[in-house]
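Common to both upcoming complexes is chain A, partnered first by chain B, then by chain C.
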Partner chain A sequence: MTARMSVPLARRQLLFRKGRTLAGIAGISAALLLVLALNAIFAGINDRLTAYIDGSGADVIVAQRGVDTMHMTQSALPEQTATAVVAVPGVAGAKPILYVPAMIERGEKRGIVYLIGDDSGGAPLPLSAGRRPDAGEIVLERSLAERLGATPGSSVRVFGQSFRVSGEVEGLASILNSVAFVRRQELARVLGIGGVVSYVLVRARPEVRAAELAARIETSVPGVTASTREAFARSERRVVGDMTTDIVRAMILVGFVIGVAVAGLVAYSATLSQLRDYAVLRALGLRARRAHALATAQVGATVVAGFLLALAFVWVLAAILPSLSPTLVLAIRTGDVAQALSVAAAVTLAAAAFPVLRVARIDPASVFRR
Partner chain B sequence: MSQALVRIHGLVKIFGDGQTRVEAVRGLDLELQRGEIVLVMGPSGSGKTTLLSMLGGLLRVSEGAIWIDGTNIAALGERELPPFRARTFGFIFQDFNLVAALSARENVEVALNIAGGRGPSARERACTLLESMGLGDRLDFPVDKLSGGEKQRVAIARAIANGPALVLADEPTANLDSHHGAETMRLLRELAKEEGATVVIVSHDERLGEVADRVLWLEDGQLKALQALSRDPVCGMLIDPAEAPASIEQDGAPLYFCSRGCRDEFLAR
Partner chain C sequence: MTVPVARRQLFAEPAKLIVTLVAVAAAVALVLLLAGLRRGMGEQVTLYVDHQAPVLVGQQGARNFLSQTSVLPDALIRDIERVPGVAEATPINQEYAMLRLHERPVLALLIGYDPGKPGGPWKLASGRAPSGSAELVLDRVLASEHSLEIGSTLEYRGARLRIVGLSSGTSGFMTPLAFASRTTVSALSRRPGTANFIFVRSDRGVTPAALATRIDRAVPGISALTRREVAANDRRQFVDPFSGPLFAMVALAFAVAVLVIGLAVYSSTAERSREYATLKALGLGGRALYRLVGIQAAGLALTGTGLGFLLALAAARGVSVFAPKYLIAISAGSVAAVAASALAMAVVAALLPSHFLARLDPASAFRR
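Showing the complex of A and B:
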């Protein structure tokens, strides 16, 4: 008697008490939403974190030896490094940049940025408004500009100096930080440092592979670490990953515990209300294993529905949130969905234990008791 | 081997032990013929439900054997009992015990599913049974929307869906008005006489005696033939003359009493 029954018993029992089933689905959905949304938020941060690197046009990024990230990192190279890099065969161009964390202020409002000293003013990243910066000018990320109430022509203060906003870029800010561009020589002057750059962004000739060029640069130029753009972006993501892994794990645990509690409670109370039905079905000859499967199927269906609802909700959030808060970007990744699905499966197994244990104790002879 | 469908030998059921020990059924012997309707009556707590539960393979016996169509169900394991129950027994309950989440048809179909019947054939059989019971227009009704009589007919359809050899009915008319009670009695008789099923009814309803081939009295865990019992003229209780605590002779005929109190009250009249 292992074949499927033609009466969809589990579905009927779930639909019979719609209110409780919907409450269970909502509770489980909320628990799984914690896991999905948090992962999506961190994935969104990761995407934005490397947006500058991804759009910089560099094939190889050269940093001080031992440095392969920008976020929360310091790199200092002699200015001549760029000249040395250009001399390496296979290099089409090399652009030195300064990269420092800074506070940008406008009246009472302020925001943290990574200030990039770049003589091209952020090119080839497109501007969404205005023009590239000249001396005494700055390009802001649009979300920060909006937060500061700045538009092209407005003034902001950085390191105690006044800069006029010349233009805006878009899509480079996350909830953690933003990006702004000034001319490199000007930033060096403001900081009072000369002859030093943070990174050199290198373009490879078409016939040269980036990994090969990075290896050549490391061999030819002393005191540097050269990474391909992809490897550099990967390292950047790992920095945030390392910082957020514990938070994500904690939230997954919270989501799991809430999920088990909600699903277990719903399943157990549903089973209590169906004890008579289970006893009747057992008396009619339903095997214990089948009765357990019936109880588990109800929990599983509730959890799957809760998971799908949570997924749909995250999708809606991912579509709506950027228009409400441009820095809050949710990215839904297959791996994160799979992780939430495995949490859902664990919730099902754990929560199903409650009704299964109760069903296992049912005495079929109780059908004759009144 | 006789033609009996059911042979019960030396059946004992003991609950608890020590001071809480209760002997609900004591060394009971019984044979039930195919197509026979047997009504088991008796006071509350006499062991009727215990007997029915053991007979239906729902309760383990303490001692003795229950042979049903050549199989001693007392010796069947936990894995063998459920499929045996599904194939061999039909249960009818006082409270109908229909699955509220299912329609009338599905309540019958699920019994067929449990016994291995699947798909369109099971659905067709469920519909045919319900139609034969006058419930053709109630097939997809939720069972809680049905009247008591309709619910009992669904329960009977479910009980006979798998063509059981033995139908066990617990107070089948208790929750029904006289009209629906009579209808249920007719269906039970039809079941035995036309389908050849053996029907055991446990009830307090003496009207069921009209359809029964035999009426048995269960008291203190033992069966007695109702014809051999005498009625206490004061309280109306049925008493085994051999065990009557008090008796007198009146106009040359013996009168039996359940207690000396009843006898004294009778003599004081």
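Showing the complex of A and C:
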């Protein structure tokens, strides 16, 4: 009968100097956090970017020809477009809106918003306080209202005109901008642009698919581009996505370099302090390949722990940040987590080279020299 | 005879030294690049305004040039020109243009100006300024990114615009510039007979602030601001929202740098506990031991910071060549702040092994 006994070498070596291992895990998690947090911030901005479209109740968005975004976009349609759209078979309702960037002021405090001229006052988006705006009134996004100190009943100034705050909506603001609603005719009057609307929000009859209706509208109404809500939102997300791709890539590279350096440093320091142990193991018959695997396993364990810590941290941040700063929303996406995981795997492979090269140079006979 | 113990300990493992310095340099470079990107964004967003006349007139309530709706009837130009101290009033139309290039939305800032008057591209790399309708001058960097050249056409808001010139010094990560005639831009917006802003040049001897106040008082329904005020407001609007996340990234990079230096110094101290115990047994005082550790930490911090600075400069240079739409403006202020941080890193990192040294028993040097 043979008794087999195994010794958890990698674990014991890692736990030999707990402080160093913990510091390594913290360093790697900080490096991966750079990648995860940046992605989560941009994903959060993206989600809020389409929050208005997502909740607008529109199945199809009609814009000036060639236009399929709202953010930082200009679209101008003749007011009659809404009437022409309503006449298209399959349309249940068409609502024209004006959509312009504006500065809202209250005393010395200011905030940039997309001001939406909508005769329904933003319906069907739910109000979190107050009521829809009448003439001379405005509905603000809650985070901006809080920042300006503009509670329902108070006044703000837009384009030099005073508006009374009638209500609040919630969840539409990002760190870049906010949203506010006034009556469309009033906004047109203030801007002196009668007869023009920015977009027409279209509801489809239940039996008509949105894509089919969009195609019908484009065929029937000249000079317009009709997009389904999903396609429109996708296009909006692409704007921010394309703008930030290079920055995200740069951050991934920096996170990778720092991760490799930290993990490599920890693994290399650990290997140096355990050279004698490795020499003993080699003298006892441990093959070079197994010794390398042992060193790599330690790096892998440290990186995995660092990755999990970073993930936990970003998850906690995503949970608590909105209550501290309502416009700073972090969205954790599976794709971004997978990307960070692949960075972590690359870090492991690159960082493992440091201890592996050192272990490869160990002479098993050195253990008998002193 | 003196023995350079700190130096010898640092150089005992060159590979470890290099890895430590790379990690610190990467963290420092990250801090400098992020701060530089933020500053660069601020400079880019005011690129157009910085090249225009010193006073800007917009619709009442206007505080910004970017992301600000302002509609002024053309008739207002004459009212402004009548104000004493006004040398020239130049109307322009301006809008964000979400161009569709290679099936992707690409943002530009489209300026409509009256050909032959100020407000157009200040430097043409090739081609000519727009003279007729549906003609466009596009930023050279934006054009090259999308393989557009003089003679190319692009569709925007249902119109076909033909590129007749390429401008240089007009690129920006969020707002590369494009120029067309005012009639072209106002037709696209269906707002003929209107301008978005009016830039005003003052007579000699009249300060921009005084002229802005005069115009504000003399002409109803407008806001007159100095170019400097407008630029500051635009910078604040674009750059401030990124300050929080950017600060978090910088704090994270700083923490990584401290951790790396601390880790390197701590592990080297722990590995050499026998050497330190011997030094203690030979009579080296606690303060001298801490100094030894402090010198190592400071050496790593300062060298890593120096390397990080060089790395950031090289990266900024690389970005200006390979991705010219981004501007990374590394300021003397941020370099000074990073240098001060390096010293803070050294102090914090040296604290980690000091506890270990304080507990080290000199007798342990003789135990085996």
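By our rule, the second predicted complex is superposed on the first by the 365 of 370 C-alpha atoms of A that agree within 3 Å, B and C clash if a C-alpha of one lies under 4 Å from a C-alpha of the other, contacts with A are read in each partner's own complex, and residues count from 1 in each chain.
Everything that follows uses one rule, which is that a contact is a pair of C-beta atoms (placed from the backbone, for glycine too) under 8 Å apart; a residue touches a chain by one contact, two chains touch by 3 or more.
Note that the coordinates shown come from a computational prediction; the quantities given were computed from them, not determined experimentally.
Using the superposition on chain A described above, determine whether A:Leu33 touches chain B (first), chain C (second), both, or neither.
second
Tell me which partner A:Pro364 touches in the superposition: chain B (first), chain C (second), both or neither.
first
Answer with first, second, both or neither: which of chain B and chain C does A:Ala283 touch in the superposed model?
Touch status of A:Ala283: first partner only.
Quick check on the superposed pair: does A:Ser269 touch chain B, chain C, both, or neither? Answer first, second, both or neither.
In the superposition, A:Ser269 contacts chain C only.
Looking at chain A, does chain C or chain B touch more of its residues?
Ranking chain B and chain C by residues of chain A touched puts C first.
A:Gly149 contacts which: chain B (first), chain C (second), both, neither?
Neither partner.
According to the stated criteria, A:Ala261 is in contact with first (chain B), second (chain C), both, or neither; which is it?
It touches chain C, and chain B stays clear.
What residues of chain A sit close enough to touch chain B in their complex?
Going through chain A, the ones touching chain B are 1, 3-7, 9, 12-13, 15-16, 276-277, 280-288, 363-365, 367-370.
Residues of chain C touching chain A in their complex?
13, 15-16, 19-20, 22-23, 26-27, 29-30, 33, 37, 59-64, 67-69, 71, 73, 95-98, 100, 104-107, 155-158, 173-174, 188-191, 194, 221, 223, 237, 241-242, 244-245, 248-249, 252-253, 255-256, 259-260, 262-264, 266-268, 270-271, 323, 326
Using the touch definition from the top, list the residues of chain B that touch chain A in their complex.
On the chain B side, the touching residues are 49, 52-53, 56, 58-59, 78-79, 82-87, 91, 93-95, 97-102, 106, 109-111, 113-116, 118-119, 122-123, 158, 170.
Going by the contact rule at the top, pick out the chain A residues touching chain C in the complex.
My answer: residues 17, 19-20, 23-24, 26-27, 30-31, 33-34, 37-38, 41, 64-69, 72-76, 78, 100-103, 105, 110, 112, 115, 157-161, 175-177, 191-193, 196, 223, 235, 238-239, 242-243, 246-247, 250-251, 254, 257-258, 261-262, 264-266, 268-269, 272-273, 325, 328, 354, 358.
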